[in-house]
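Both complexes below contain chain A, partnered by chain B and then by chain C.
Here is the complex of A and B:
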């Protein structure tokens, strides 16, 4: 009788971390199989501080109840940087998060991490991508000093570099899997303050809506931020979010994107490698997006992660997944971002 | 990359819509907003919209619905000075948005949803609509869209 192949040990399943800007988005993410949902309060303590978005205490309490009933966890982003004059607002946000019973807070500022670990030792801490920790030394420092349990890697590392970090830290590593890309000096970008007087790290948004103007002109659709022309789109062009880093400017007589073209990160094809190297969680960008976006992206990534856990090396990205993701992406192209650097 | 296929109203329907008087359509629309959305809009959002006029241009019907917010209610508006916000799209895309079958940012990236005017109020309206759960109304709309979709 032929010997049956020994069953392979089940791979540790990657957690899927999905965005929720509103209660319906939270419910849809949970219903479609998100393991963690991340969200923010309705103020500048988080980096998606937009009118009408985010959670007050009541909707957060209801959201936590809903997620917990269905076995999902709720992570609260407190991922902007308090200033000396505004410290108490961020401190009180940590206290409210602990009192409401969120499963973890995602924090960037070291002062706030110190406060949270001292005042609420039972509250789980995740180091935000805005914390800009790109080496295992930096992550391990935050672990030893503040007891962080998970770190979100900045989107500047190649797969090889990410692999080294994962192998040299006891901290769970979360990586970005999908969503709009910006200039990626995470936690350090002040570009928008030149046009708006506000930076994402202190006010929670790099294109505050009050500074944005869209206007149809005889030369095309123009987007402006604080009066600065960001881009002009001909009828066949596809506009993106009006941030300076995705602007098209005239440089030495040439008109092009000097910082970055508007593209979306999509790492589906890297899933087997991310799983094998021991990444703990995959993050989906997009708290500013609609429940329809959250539904599509959560469904596709849930299916893909489950397929990857089953099939491992035999895993292949299904065309239907790519088609669904392409239909909701910003920009006309998807990229592997910094993960893929053939020149290295 | 693709958004869902663009579906325009059949030409005779658009031609008929163009001949209908404008005000009754705006009255019907404001009434529908009051019935479905008004009580679900937070008071502070209605206060931000108070006194302003808004336009929903249905491009394939050649119709522009005009309404204002007065006393925290939606009211039909006559052709006014430039509205604070104007949305432009085809009827099918509006219905798909209301049914949560289409993503507004995707339609915007694809130039199928055009928004003119105050961006902050536009974002406030979009995000407020995203917080509203009206599953029965959306379910009915979804069924209607499926029934009407060309095969």
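Here is the complex of A and C:
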């Protein structure tokens, strides 16, 4: 556990929770000052079940050891929904997590939360964003029934709504600070499985790579997902990965992005507000991203959170931070997402 | 022999003018459905009917022998949303379908409730938790296959009813953003309630002209109706007790008649599917039920 308790740290300093898709990313995140790193096993028990990502037992043991020596905590994501045929695999993943000594597991499935709280009462439980708890009452339900200690807020609430949630629950609240933006309520989106048979809820991934096809046609480069045409690009375009909700479709003859344009979430400028309202932790999305991404984003957010703790309302976002983050954003365009709602 | 499968009219997912809603349920009283789910589940800005109106509809349907259930929002964001959810939970007259865990908390231990399709009941352990809190029926998540439904139902506590989405456009996703407002370049708070002009939502086609999705405010649906009419025997064998039919502006009564006849064995799966096909411009799908991509075309009469 974190022996290096920081006595001078302000009581409310935000924790920085960083993605560790691979062992190198874990080391980089810890070295750059992450308070928590989150990761998953190499299978569909977590929502970033991608080839080449995640940890087996040995690398997880080494990762935990490395993080703990440097005072960081390791959170294991078990945030997909086990189905009858695979229930035992998830159950065993909870048991392995407890045996390996992770600091918390991040869980979405109600049955799995019940199992973990009953079987491993000492294991700290975080409610995953996939648990779709969008109100303090939903969060308190999980607290009362399963003793969750932290909840990750879905990326759909405004700052005002998030503030109300924080003030009405004993559960620590973690919010997304940076990364890819989910337009649908997490845990409530089956678009991917509609086209491909696999979704974040069931298989730990949205718009799976095996279902993607690229094809040059006289009308341009076409991207398909499960056979469904997601987008068509002219030579001057930057073709993006065919995530279903970022596709261009046709409504009444208009071809446009009916759901969203490719953008990234970046809430640096909200830091003083998030800190003042009592948010416990800021989550950085991107276990599927490169070590360079993890390095940049962890370094910038560490500096920013520390500056915010010192400067409070005098805190200003440094242009160099925004520049560094812009260089690693998807779509190269950052927004405040639901926190500030230009579309409201 | 087990009892015949019951038909349930799911909650109205679209935004219709008040008179249209009243007419729809006046007609529904004569349809062969056993259960009717009422109330606004999609968007709190849709207020053509108030809770009192839904209760009045419920009373007239109950008087005609229907089981009436009031459904809660599938997404709760604001204090006002929470207040509405509590008013539904405390309605005092009818059973409630809980569509998020705040609603489950409001109902737990107080009265039997229906665990709605948005609670993500993918396994028996989750159903056991909800049953323990008072769930008397669960509505399966759309992604769960026949095999998955059967496995959960097999382990369900005695007496728990199982309802599947048997007909209609699948509610696939919900967002804090309104995609109908986005289509009109309006903000959500000034949406002018434009979705009332789209009683079946806004069709989303792919760039090669294939019907794909439907925008229904903050909800996204499949363009294809899911139909389990081809496998009602399989549904029954899986432990399904209730077949949910999702309201559309036209032909819902005929859908109910076809499903009643098919569930009673008076129509073959092939005949039932053929009659349903005439009611919808886009061919039906049933991939989820067969454990594959939801969009996969329905196999009429598969065993």
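In this text, the second predicted complex is superposed on the first by the 319 of 344 C-alpha atoms of A that agree within 3 Å, B and C clash if a C-alpha of one lies under 4 Å from a C-alpha of the other, contacts with A are read in each partner's own complex, and residues count from 1 in each chain.
We take it that a contact is a pair of C-beta atoms (placed from the backbone, for glycine too) under 8 Å apart; a residue touches a chain by one contact, two chains touch by 3 or more.
In this text the structure is predicted, and so the values were computed from the model without any measurement.
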For the combined arrangement obtained by superposing on chain A, do chain B and chain C clash, or do they fit? fit
Check whether A:328 is in contact with chain B, with chain C, with both or with neither, and answer first, second, both or neither. first
Thinking of the overlay built on chain A, is A:226 touched by chain B (first), by chain C (second), by both, or by neither? second
Taking the superposition as given, does A:164 touch the first partner, chain B, the second, chain C, both, or neither? second
Does chain B (first) or chain C (second) touch A:213, or do both, or does neither? first
Which of chain B and chain C A:313 touches, first, second, both or neither: neither
Hey, is it chain B or chain C that touches more of chain A? C
Nearest 10 degrees is fine: what angle do the Cα centroids of chain B and chain C make about that of chain A? 120
Quick one: minimum Cα-Cα distance, chain B versus chain C, in the superposed arrangement, integer Å. 19
Across the complex, what residues on chain C touch chain A? 74-79, 81-82, 100-102, 104-106, 108, 118-130, 141-144, 147-148, 151-152, 155, 170, 172-179, 181-183, 187-189, 202-210, 212-213, 215, 220, 222, 287-288, 291-295
Help me check something: in the complex, which residues belonging to chain B touch chain A? 1-4, 45, 100-106, 108-111, 114-116, 119-128, 130-133
Note which residues of chain A are touching chain B in the complex, please. 21-25, 27, 50-53, 59, 208-210, 212-216, 221, 233, 235, 238-240, 289-293, 296, 323, 326-333
Quick one: which bits of chain A touch chain C in the complex? Just the residue numbers, please. 81-85, 87, 108-112, 114-115, 131-135, 137-138, 140-142, 144-145, 156-157, 161, 164, 183-185, 187-191, 193-197, 199, 201-202, 226, 228-232, 245, 248-252, 254-255, 258-260, 338, 341-344
